[in-house]
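Take a look at the structures below.
Next come two complexes built around subunit A: one with subunit B, the other with subunit C.
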Partner chain A sequence: MTGVTSVASLTPWHRSVLGTVVLYLHFVRLAFLKFLAYRLRYYTGVVSYTIFVTGHYYLYGALFASRVVEHGSMEGGNLIGGLTLTEMITYVAVSWIGRSFYFNNIHRDLSSMIEEGGISLQLIKPYHVQDVMMFEAVGESGFRLVMFSLPIMVVVVPLFDISGPPDSMLYLWTFLSFCLALVIYSQINFLLGCLAFHMKNIQGVLRAKMVAFDFLTGVILPFTFFPEWFQTIVAWLPFQGISYVPVTIYLGKRAGSDLVWALLIQLAWSVGLYLAGRLVWFISVRRVTVQGG
Partner chain B sequence: MSTTEIWRRGYPGEFRRQVRIFGFYFAQFVKMRLAYRMDFFIDTLAVSFSSLVQLVILATLFSKVEALRGWSFPQVLFIYGFSLVPLGLFNLTSINLYRFSDKFIIQGKFDRVLLRPLNTLAQVMFESFNVSGFNEIFLGLGIMIFAGMKLQLTWGVEDVLALLILAPSASLVFTGVFLGITSVSFWHEDRMGLAPPVYNVIRFSRYPITIFGAPVRFFMTFVLPFAWVAFYPATWFIGSPEFSRWAFLTPLVGGIVFGGAVLIWRRGVANYASTGS
Partner chain C sequence: MEPIIQVRDLTRDYKLIRKREGVKGGLIDLFRPRRKILRAVDQVSFDIQPGEMVGYIGANGAGKSTTIKMLTGILTPTSGQVTVGGLVPWRQRQQYTRNIGAVFGQRTQLWWDLAVVESFGLLKKIYEVDDDAYRRQMGTFNDLLGIDEFLHQPVRKLSLGQRMRCDLAAALLHEPRVLFLDEPTIGLDVVGKENVRKFLHEIRDQQGVTVILTTHDLGDIEKLCRRVIIIDKGKVHFDGELDTLRNRTGNPVRLTLELREPVSSATLKEMTGNLPVSWQAGEGLRHQGEFHRREVTGAEVIKVIVNACKVSELHLAEPAIEEIVARIYRDVQEGES
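For the complex of A and B:
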């Protein structure tokens, strides 16, 4: 009797912590390689981001020029939302350079995986889809940093004479802040992708997201352009941590404890959204029905 | 177009046959959409929300100044309203262009298109519609009427006629640009292609072109001719002595851009090699 049970019992499946780390790091590398295959979009992307900064350069140039005409250059006539024109151009450039780094399409990848049934294959594998997507996003952003953000910087910085931050330590803090932005952005995208578990067609939501994000994260306009009540609302939302926080760090608008506080808020949102993603996944994944997979 | 069919029916007959069939495509699509009414509702909300965000941005800019390089808020608002009409017309039929490389090239669905005795481009464009385009059209008309009241414009028969000519021409510019980009996926099977970055440029098309420097003006007029989707045609209504005489070049620009794109498309179709799936 005892002999029989010892033969039939299987060793419980186990993976060491190191094994888990190595597994997920693999996805970073794979994503990096995958995007190397899609180079075309980055060549054109450099052009299009440059167009974008150029467009805003002229738009804000016109705005500030018209402001000075109407108000005179004294008594803050040359300030809009607390920024000078030079700061405003820097704001736009750093926003878009940052966007070229943290951007990803987790929401689209996940939702099409759910709609087309590919999700079933993901569910039987010994990893968590949320973590895989996060690490793939890290690999993608690593690729973007080298192949996309750096070339954009090389073009945009001399073209519009973008100045560095007031203190060179702020380069480091800005980069750290954009890394946290990557986590926040990816986790919000993951949550949006999970909507596909509950809706047949989420194209409309994804379209609205595209517009809403650039607006709510502060990429298009700094929050100080808006009325007080709007600033209060966005201060309580996670989106500020994607662009507004890192860019204002770069501009030196957050010093000392303000800087630490801003980074801590980003960190808190990163963790909070990650946990929310886990929870939503746990609830949603039970609804999956795949026909034949 | 199949040569045998033309031989049998002649061009007008063949055209009528294809129009009738694409009518059925649309009917089929409507039936499909009615199955998911909730999604339609959410789509509508999403489009309205996007437009609302754009309006808020415009209003915020104009809360800082009375006029932007001499252009008043109602004038810029009118240009924005106009831009939504061609954009809506374009969005109605463009949804398959946007996902063309993914759906037709990589998944090999284009084989099926080639087997049918129907125009390939029309099959791709009319297979699916984006009804939320109607939303943009109506919203755009509403904004134009509102801004027109602020500008004290009077709408005559000739204005309505001008709108009926200029708005579809402007949407040909959109369709042409994106069709050209889509056709590139016959050679490069990149999943997302060039469309998203160019799509981003659309938002500059709604500002008066005079706020930009000469290189950008040149670029938006001749290279990526998005100045023709809103600014040039809209100046005809808001009466700009400098620009309104250019407005009626819009149909010509639309024709050239769309015609050029169709040529690229044809070469692409000839170049198409199935993935075999």
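For the complex of A and C:
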């Protein structure tokens, strides 16, 4: 009997490097197309983000004005948390524009996939779910940049007279920093989503995350508003790399080696969280119990 | 021939928490949960040859899906071995999944918001199918399933039958060696079921794919599989040819009668006196009897009854798959005691 073993054994297979690149770029493209189909949803988002920035604009305006009354002049009281009023408004606007770019719902998508059992269909595909979700997030953010962040900029920048960074090269560094923020944000979300493998109901955790995140990333307030000990803690956490770091780069608060160092720390967190995600995924899948059956 | 699928003593336990009742019970559960181990699959062993189409059947909760999940590498077993073409499904996942296809009847693997053709384009890249093979496979699928007509529609707008056809094509695009089908005809109408069955037949003959199929529909098994494996409470209770199974249960047929005039079952028994039909005891217009095909044909029984009394309706039914499984299981229990 010739060819018996060839009948009964499966051919070894590895996707080529080029094939892998093409595949993941395809996920970027598909995610872009998918969100494009739902673009109407984002027009209301432009309004709500603008309202948010407007709220902060008047809040900080009042805060700084009260300082001026206290000190009798602008001289002593024009800095709060190390920022001038103009910088403060810029901080708020840039962090919300950034948030409109890097935001995604990987944690929710992954956890509901695990809870409802749809994960089965992912596990029988020859790809890494983590990588697929990361590249889909890139596609989503590409869509967000064009259809969401840009419209917000068009509205918010002239409305509040938001100024550019002190050095025009900082546009580039800020964008690069927000791209790393996207990786950090996505990987944290992925890790949170993996919790669903081990917990029956993680909706509570995800809701707590929504609130905690905007604080820990520095979207709500710059860290310089907080006490020393809080600043020390957040400096050792990955969250500052999501909003605080890119926004302070934009404001020109980090120059030279400070800037390089900030970007390197973001990069290190990106890689570290990605590897952690890979490890957690590997362990979780080994003890997975898919619903039903 | 060397089997393509080898399963040895495959076992899977689930840990369950048994909830206590009431508020007090809930509080106790928080600190001292009562754990219970449920053995979903218990020492299952079988071999499957290349090109075979095997029906894997059992009632809900019998352990079918759990077995399929372990065979597809989704679930890691508690103990036991599985090799498919020399690979261990849950270990060499990437390599393994390139060689298998799966359809889970309740779920679609197509991308919900995208046109069908976009999903196929993505699958082509996922499995690195080259252009020639892609064109050839899509041609075959169109010939057999007529999928061209809705290729450009988003998946969410397809009917269940159309979606199932696309899902089957999607599972076979990369010419897998083994195909796992979990309830492939669930929810389909008669025409839909027939289409799916015809397609699977063709594909098996053309591409020599090995198929494992779980189903509730005895029709699927009869049309597609020569061999069946019956599982109940996690254990294999039957593994063999469909004909052997039939003979073991005697292939009972149930006859339901609606009469114009009330008759007692004793009278019916008299009428069919020399035929091996057993009637359920009862009076009135409605009666049920059972006979075995190898002993008597339906035509003979019906002829006698129609001649003897006024019949308004009659209905012949083969037992459902659950019933056969229940019979097998009962036999086993009787054998044990």
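Just so we're on the same page, the second predicted complex is superposed on the first by the 275 of 293 C-alpha atoms of A that agree within 3 Å, B and C clash if a C-alpha of one lies under 4 Å from a C-alpha of the other, contacts with A are read in each partner's own complex, and residues count from 1 in each chain.
Assume a residue touches a chain if its C-beta (ideal position, glycine included) is under 8 Å from a C-beta of that chain, and two chains touch if they have at least 3 such contacts.
Quick caveat: nothing in here was measured; it's all calculated off a predicted structure.
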Partner chain in contact with A:Ile283 - subunit B first, subunit C second, else both or neither: neither
Which of subunit B and subunit C A:Leu63 touches, first, second, both or neither: first
Partner chain(s) touched by A:Gly204 [first = subunit B, second = subunit C, both, neither]: first
First, second, both or neither for A:Phe52, with subunit B first and subunit C second: first
Subunit B to subunit A touching residues, read off their complex: 36, 38-39, 42-47, 49-50, 53-54, 56-57, 60-61, 64-69, 132, 188, 190-194, 196-198, 200-201, 203-204, 207, 211-213, 216, 219
Subunit A partner contacts - residues on subunit C that touch it in the complex: 1-4, 14, 40, 50, 63-66, 68-69, 72-76, 84-87, 90, 93-100, 102, 104, 107, 109, 111, 113-114, 118, 121-122, 125-128, 177
Subunit A - residues contacting subunit C, complex: 1, 4-5, 7-16, 19, 22-23, 26-27, 30, 33-34, 37, 117-118, 120-121, 123-127, 286-290, 292-293
Subunit B contact footprint on subunit A (complex, rising order): 38, 40-41, 44-45, 47-49, 51-52, 54-55, 58-59, 61-63, 65-67, 70, 80-81, 105, 199-201, 203-205, 207-208, 210-212, 215, 220-221, 225-226
